[in-house]
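Each structure below is given as structure tokens.
Shared chain: chain A. Partners: chain B in the first complex, chain C in the second.
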Partner chain A sequence: MHIRDSLKLVTAVTALLLPLSASASAEAVALPDDPAAKGLAIAEETDRRNQGFGDTKATMKMILENAYGETSERALRSMTLENPNPEEGDWTLNVFDKPRDVDGTALLTYAKILDPDDQWMYLPAVKRVKRISSVNKSGPFMGSEFAFEDFSSTEVGKYSYKWLRDELCPEPVAERTCHVTERYPLYEHSGYTRQVVWTDTTDYQGRKVEYYDRKGELLKTLTLTDYKLYESKFWRAHDLFMANVVTGKSTRLTWEEYSFGNGLTQNDFSTNALQRAR
Partner chain B sequence: MHSRIFDMRTALALSMTLATGAAQASDIRVTGYVEPELQFFTQSASGAEQRRWNASVAAEVTFSRFWDNSSQWIVVTPFARWDRQDDHRTHVDVREAKYARAIDNWEFRIGLDKVFWGVTEAVHLVDIINQTDLVESIDGEEKLGQPMIMVSSVWEVGTFTGYLLPYFRERTFPSRSGRPAFDLPVDETQTQYESGAKQHHLDFALRYSNTFDIWDVGVSYFQGTNRNPLLLPGLDASARPVLVPFYAQAKRLSTDVQATAGAWLYKFEGFWQNQLGEQHLQATGGIEYTFYSIFDTASDVGLVAEYVWDDRGANRQNPFANDVFVALRWTPNDAASTAVLAGTTVDLDTQALGFSIEAQRRFGDDYFVSLEARFFGNVPRSDPLFSYSDDDLIQLRIARHF
Partner chain C sequence: MNDWVVAYGKAIVKFRWLVVLASVAGVLYLASGGRFIEFSNDYRYFFTDQNPNLQAFERLERTYTSPDTLLWVLKPDEGKVTTPERLAIVKEITERAWQTPFSTRVDSLTNYQYTSAENDDLTVRDLVEDPASLSAAEADAIGAIALAEPVIANRLISEDETTTAIAATLKMPRDDQQATAEVMAHARALLADMRAAHPDIRFELTGSVALSNSFAEAAQRDLATLTPAMYLVLALTVFFLTRSIPGTIATILVVTLSAAAAMGLVMGWAGVKLTPPSSGAPTIILTIAVADSIHILVTMLIEMRRGLSKHDAIVESLRVNWGPVFLTSVTTAIGFASLNFSDAPPFRDLGNTAAVGALIAWFLSVTLLPALAAILPMKAKDTLVRQSEFMGRIAEVVIANRRVLLVGMIVVIAGLATLLPRFTFNDRFVTYFDERMEFRVASDWAADNLTGIYQISYSLGSGETGGVSNPEYVAKVEDFANWFRTQPEVVHVSTFSDVMKRINKSMHGDDESYYRVPDDREMAAQFLLLYEMSLPYGLDLNDQINVDKSATKLTLTLTDISTVEMQGLIDRADRWLKTNAPEHMYSYPAGQAVMFAFIGRNNFNAMTTGTAIALVLISACLMLALRNLRLGIVSLIPNLTPPIAAFGILALFTTEVGFWSTFVIATALGLIVDATVHFLSKYRRASIEQGKSPEDSVRYAFSTVGTALWVSTFVLIVGFAILALSPFKVNAMLGIMVALTVAVALIIDFLLLPALLITVDRRKKIAPPADVVASASPAE
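Showing the complex of A and B:
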């Protein structure tokens, strides 16, 4: 039965942590005084600095570690196509290499802002493409400490915002100043009541995120480091460390082999392409 | 038997040629698994040559190479199983041995390949391109590689695909010593075809598919040798009763539709078929619903309920003529990808019951273990599943992936 194959993975990484990228320039940004408007303006500035990236290809590794220090590994290749339509999110295709029992399994996602994403999974053993439900926002991604929504939270319209304060950024850029903003998920099925985001004032990149669960308790902390600049314009974090403060488990996610301007088109993001993805 | 040996030899030769061609290039990707299997049948055997215990091992390796910016590729996937009891289950197949090329919105493939059509979980009515490798599993999910030429094109109005299928693969059946098996063995030396061209009849298929918002829709047409044989009573060389496979010519028009609305999936598959001068309809449909993050844990519980219908009513050719299928799956979403799936089938005509439970998880990075139990109950003689009802099975598989 095919449903047992679909258990191994549940849904997808969509537009991968794009809010964490920003322009290289440190131009001054005029921000309003009202905390809600200021929080929104900071998110919009982060988003603006990522516009026009076109397409990307990259490989991802995750090291999952439990409270006893035991580790397991995940690996996938990812392609993203920027959607010029601001009413919709980007298109993403992910192909899994590890664990080896899901090798070749692939996920195609057409991201939306507040509606559930359109999502198809390809099961290589039976050559089946299956449209799957994408409402599972709060579930763990591949058994990791990342939830699906931690990947797809890139669109400005997915949250409302409140600027809290400015303070020194966390390590390793502790000499810089960060905007500290709260954001509240507007989409259904979120596992969070709020997130607190540290955004570097010099380049509008995310440095740290705290995730608060449905009871309002601190659940997880994400630290973003090893930023690299592409096309002289687009920053990408290459090391994302998610620590679960409740269970003691953690996941280190690293990006490698980032490339921009690959000439990808919608033909590379069809359900036909899903079956041949490599 | 002769035809199968020929078939195997041709397929192996083709795969060797492709593998050699691919081997000349540098970046060949090699993946696969080796999977020992242990089977225990809870009832004593009905046939003198059958046993209660069985051991076997299967292996599958995929060699793949992509080049030209991933727009051209060759994939070769040989599969083999050695089975201690059943020399029919000891078999080799080439699941894939294909060259493919994508150009803009077009894709071409030539060689042995597998194709799946459909949306439902319990039975796959619409899926017809590949023959079932029945000795692998009686659930019909395992398929033999099918020689084909495929052309597909993606447009705004939908995806159009055509298949030319120049060679037919016979269904695999267990030998007298194999289990689970029909009470009468299938004699493949006497296989009959409606078409004088036999296995060389040129079959073809056309498919249209598209997505409309929450709807995923497919419409397909197939004309050629039906993959599902009629099993006719006969006698073997020693005048013992056997079943003889008869492969008829069929014309089949089918559709498959899924609506994806939040956590609900609604599914339908159906076909109209004309075979041996008779027309008939079959259909299946149902729902799939998932309760995500139950009790504020990471666990999901999914429910699948489907109904299967055949307009001929209860008949010898189709065990699923008026059946309900219900399954539950539990996934804790842990790092080991643990999953438990339990399902039951009820024949509303005969009150026959089928029950299965399967548990699986990963050990370490590369081992995947699954434990499965399958039981039948209350199956009357008139039900086509009666033959299987004394083959209740517990099965352990340990796959080592590489």
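Showing the complex of A and C:
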């Protein structure tokens, strides 16, 4: 709890300072020297650059592959509403299209910072909304190598940080420089002990994330590519490739048909809306 | 030929220093490969890539999760495990088990994902979240809840709630000794901490990683204890026979270099990994190599006793022994090489190493040994002559009682042969290790108190993507699981149908009447999606559902049954599937237990061919060497009957054999042939070349090679009997049976063969004219 308090303080202080320093120049971000503060500042810069996106709609496809080379496909549509309250995360509504048996099933998520997310699922087969009450949802999302937390919104307050080094970015942007930051989940039921993030110094977008399991060993590697710019300021990666280094399984997650400014409101993200979502 | 050998012998004596230096240098170069030797601890190495059981096993592994496990089992001396304190211990082990290198999943009583319903909420949580906060009554109630869950009842908790297990699933790098050692160090440290902290509770560690580790430890133990023991026996035997310290030293040097060079060449330079069976190779090479040296040394000492100078004695010994020593080395190598027909690669390695060792031993026996003998001071002692006289007395007894011996021996061998059909294969891999191995003790105890180690898995296909939600499919899976539950051999069945039923019940407000397969496909799929969304890291369903949700894994845990009973169960299950299930559900069973269940049968089929080919080749060598078809045919009897008689003797004690038994004949054949070759070649020389009567020829054979034969047989018996000390029972039984076969072979060579030769040659008194065999044969 001491960590949380001090973190909130750091967040608050930096939040005050940031508009002064960072808004002046998007390219040259002034970062503190202390590794922890620098790591946090990098995360906040990433977060800041995504502020004000309002809402998005997109479709998602996942291709799962096991060590045997067998593949399987999942597809869903996703809506996100930016939550202006910094104490809470964004709201998302996912409607599943594939596999066929779960067509029309919808998942509503109110992301939290340090508490379990609030989640409801609408099951068309029984025409009921069920609340998912589980403290630990770090298991595979639809049998894929992604946990829900791996591709849903990343809130700054979910982690503490440590800047490690700057180095060349991974392919396909190997000519650029990346900040390499370690982040530690503050939520006690997280499935990970730490993550290492490569953040591009030019646009502050993530290029690669390494996930370490609870014994501190590398479990999965996420590569984010095919970034596109929307509204001339919001970057979105369209290709997320998660490789499980332990089991040899992998999942390619692709986003398509991104649209911004759809005029979505909180009414579109209620349990009632969930039942109509199809 | 003889002239050539004499010239060769003289050259060896003349250039003795050069020969010693060159041969030692060459052999040391081969042996230097030893620095590359690596141990293998992969039980999969016992199977070839073509083995259908291994293929099924690997398919299952790649489709679902790794099958490697570690199991910590605990049982308090008194009372149940369901107290707050003891549940806290389970939770602590669970947490620490997660820290095991390469672990991907840990299942225990405390982290079992317990589902419950409240209004429209689905709650999924650890069965025991905070043991300390539980009252005694609440903790006690956990037992009843757990036993009502078929997923964990009888697997993670015993019926009487006194024993519980924490199971870790690991994704081990394939055949990485370092990784296994690391995992075992962690697992054992946890075990040791628990034992120290809770003396009133018994903790044991088992699982497939512990099995792998036991293979490596058994191999290391064999090398560390058996090989030195073998040296001691060799040194003593050679010394008592020759009473010559230099002779003993020379012999020890030759056999050591043979074993080291063979190991260095095969295991080092060729990069073959060392396994428990192949770790028996040095002991076997020492044994077979010493026979060559003994023949050459003994002849040399006898000749010196007769008055020849040392150097002349060496040349004479080489002349007399050249053929037989070469022939016996080749037949030994053929016998071992036939192990290549085996379906178990470790035995191929053993065969190849021993075959190479036999050839290197031959080479050193005709180069290094005589050169060393020429350098070292040697004196002949009286004992040799006395032994020779003793052999003469045996010859007289045999000749006098030949009819009784002939009939008696044939009756005994035939009687023993009738016992052979009683044998059945049993390869429970836990019993490969004796009670000195921690793994054996732990596994037996775990099987007695909670759950067996033998598991069989089926990947049951639904025939369509997403078909695991098809009610018909799930119902059929449940039927199959229920059928298994009525089988006496089955302790536990882990099936997806139980998961589905459990979710269905929770989705209907925990209404007991919904504890059944959901009757609507979409509903089942959506329930499953919701349930999967609720599971934490590492406790997902990916270990029992494949990626496109078209198949699920059903896993049986078996009681401590024999492999014959296991085959019976597999056959019955096969019939059930074919009769009751749709074709796409048909599946081949997989698992370590299945692989080992068929290892006996597979190797028996493979080695029957291998042994037959070895027999034909060895007999051909013999006939060629003896240049005599009749003697060649006669030789089949002392070569073939010893394994029959030896297994007949074994049948008096037990009717169950492991897959090791399929290697006994091939291994023993090359060795027992040696005695026959020596005896027959001497008999032939007396009978055909010198025209002696059969009786006198027998006397001659006994007096010339009798001593060397019983001594080299004695060394073989002791050498293979030393393998009996191995904690790895496959090596121990192979050793015992080869020793027994060799012993029986000597008895037959001394008692039956002379009687047979006299009887056959008496009847066929027209001896072939001497000129037919005037050209010197290599077998002299």
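FYI, the second predicted complex is superposed on the first by the 248 of 278 C-alpha atoms of A that agree within 3 Å, B and C clash if a C-alpha of one lies under 4 Å from a C-alpha of the other, contacts with A are read in each partner's own complex, and residues count from 1 in each chain.
Quick note on the criterion: a residue touches a chain if its C-beta (ideal position, glycine included) is under 8 Å from a C-beta of that chain, and two chains touch if they have at least 3 such contacts.
Here the structure is a predicted model, which means the values were calculated and not measured.
Q: Just from the overlay, do chain B and chain C fit on chain A, or is there a clash?
A: By the criteria stated at the top, chain C and chain B clash after superposition.
Q: Would you sort A:T247 into first (chain B), second (chain C), both or neither based on which partner it touches?
A: second
Q: Touching A:F96 in the superposition: chain B (first), chain C (second), both, neither?
A: It touches chain C, and chain B stays clear.
Q: So, does A:R165 touch the first partner chain B, the second partner chain C, both, or neither?
A: neither
Q: Could you tell me if A:A67 is touching chain B, chain C, both of them or neither one (first, second, both, neither)?
A: second
Q: Can A:K127 be said to touch chain B (first), chain C (second), both, or neither?
A: Once the two structures are laid over each other on A, A:K127 reaches chain B alone.
Q: Give the one stretch of chain B, out of 44-52, 116-124 or 224-232, that collides with chain C after superposing.
A: Clashes with chain C appear only in stretch 116-124.
Q: Give me the intersection of chain A's contacts with chain B and its contacts with chain C, in residue numbers.
A: 64, 66, 72, 99-102, 126, 128-133, 135-136, 138-140, 143, 189, 191, 214
Q: Per the contact definition, I'd like the list of chain B residues that touch chain A in the complex.
A: Contact set of chain B toward chain A: 31, 33, 62, 64, 66, 70, 73, 100, 102, 104-105, 107, 114-116, 118-119, 121-122, 139, 141, 143, 152, 154, 159, 209, 211, 216, 258, 260, 262-265, 288, 290, 292-293, 296, 298, 300, 302, 304, 327, 329, 331, 333-337, 339, 341, 343, 358, 360, 362, 364-366, 368, 399, 401-402.
Q: Quick check on the complex: what are the chain A residues that touch chain C?
A: Against chain C, the touching part of chain A is residues 64-68, 70-72, 96, 99-102, 105, 107, 119, 121, 123-126, 128-143, 147-148, 189, 191-192, 213-215, 217, 246-249.
Q: If you look only at chain C, which of its residues touch chain A in the complex?
A: Residue positions touching the partner: 59, 62-63, 65-66, 98-104, 118, 120-125, 171, 465-466, 469, 507, 520-527, 529-530, 532-542, 545-549.
Q: Enumerate the contact residues on chain A facing chain B in the complex.
A: 1-4, 7-8, 10, 64, 66, 72-73, 98-104, 116, 118, 126-133, 135-136, 138-140, 143-144, 189, 191, 214, 267, 270-273, 276, 278
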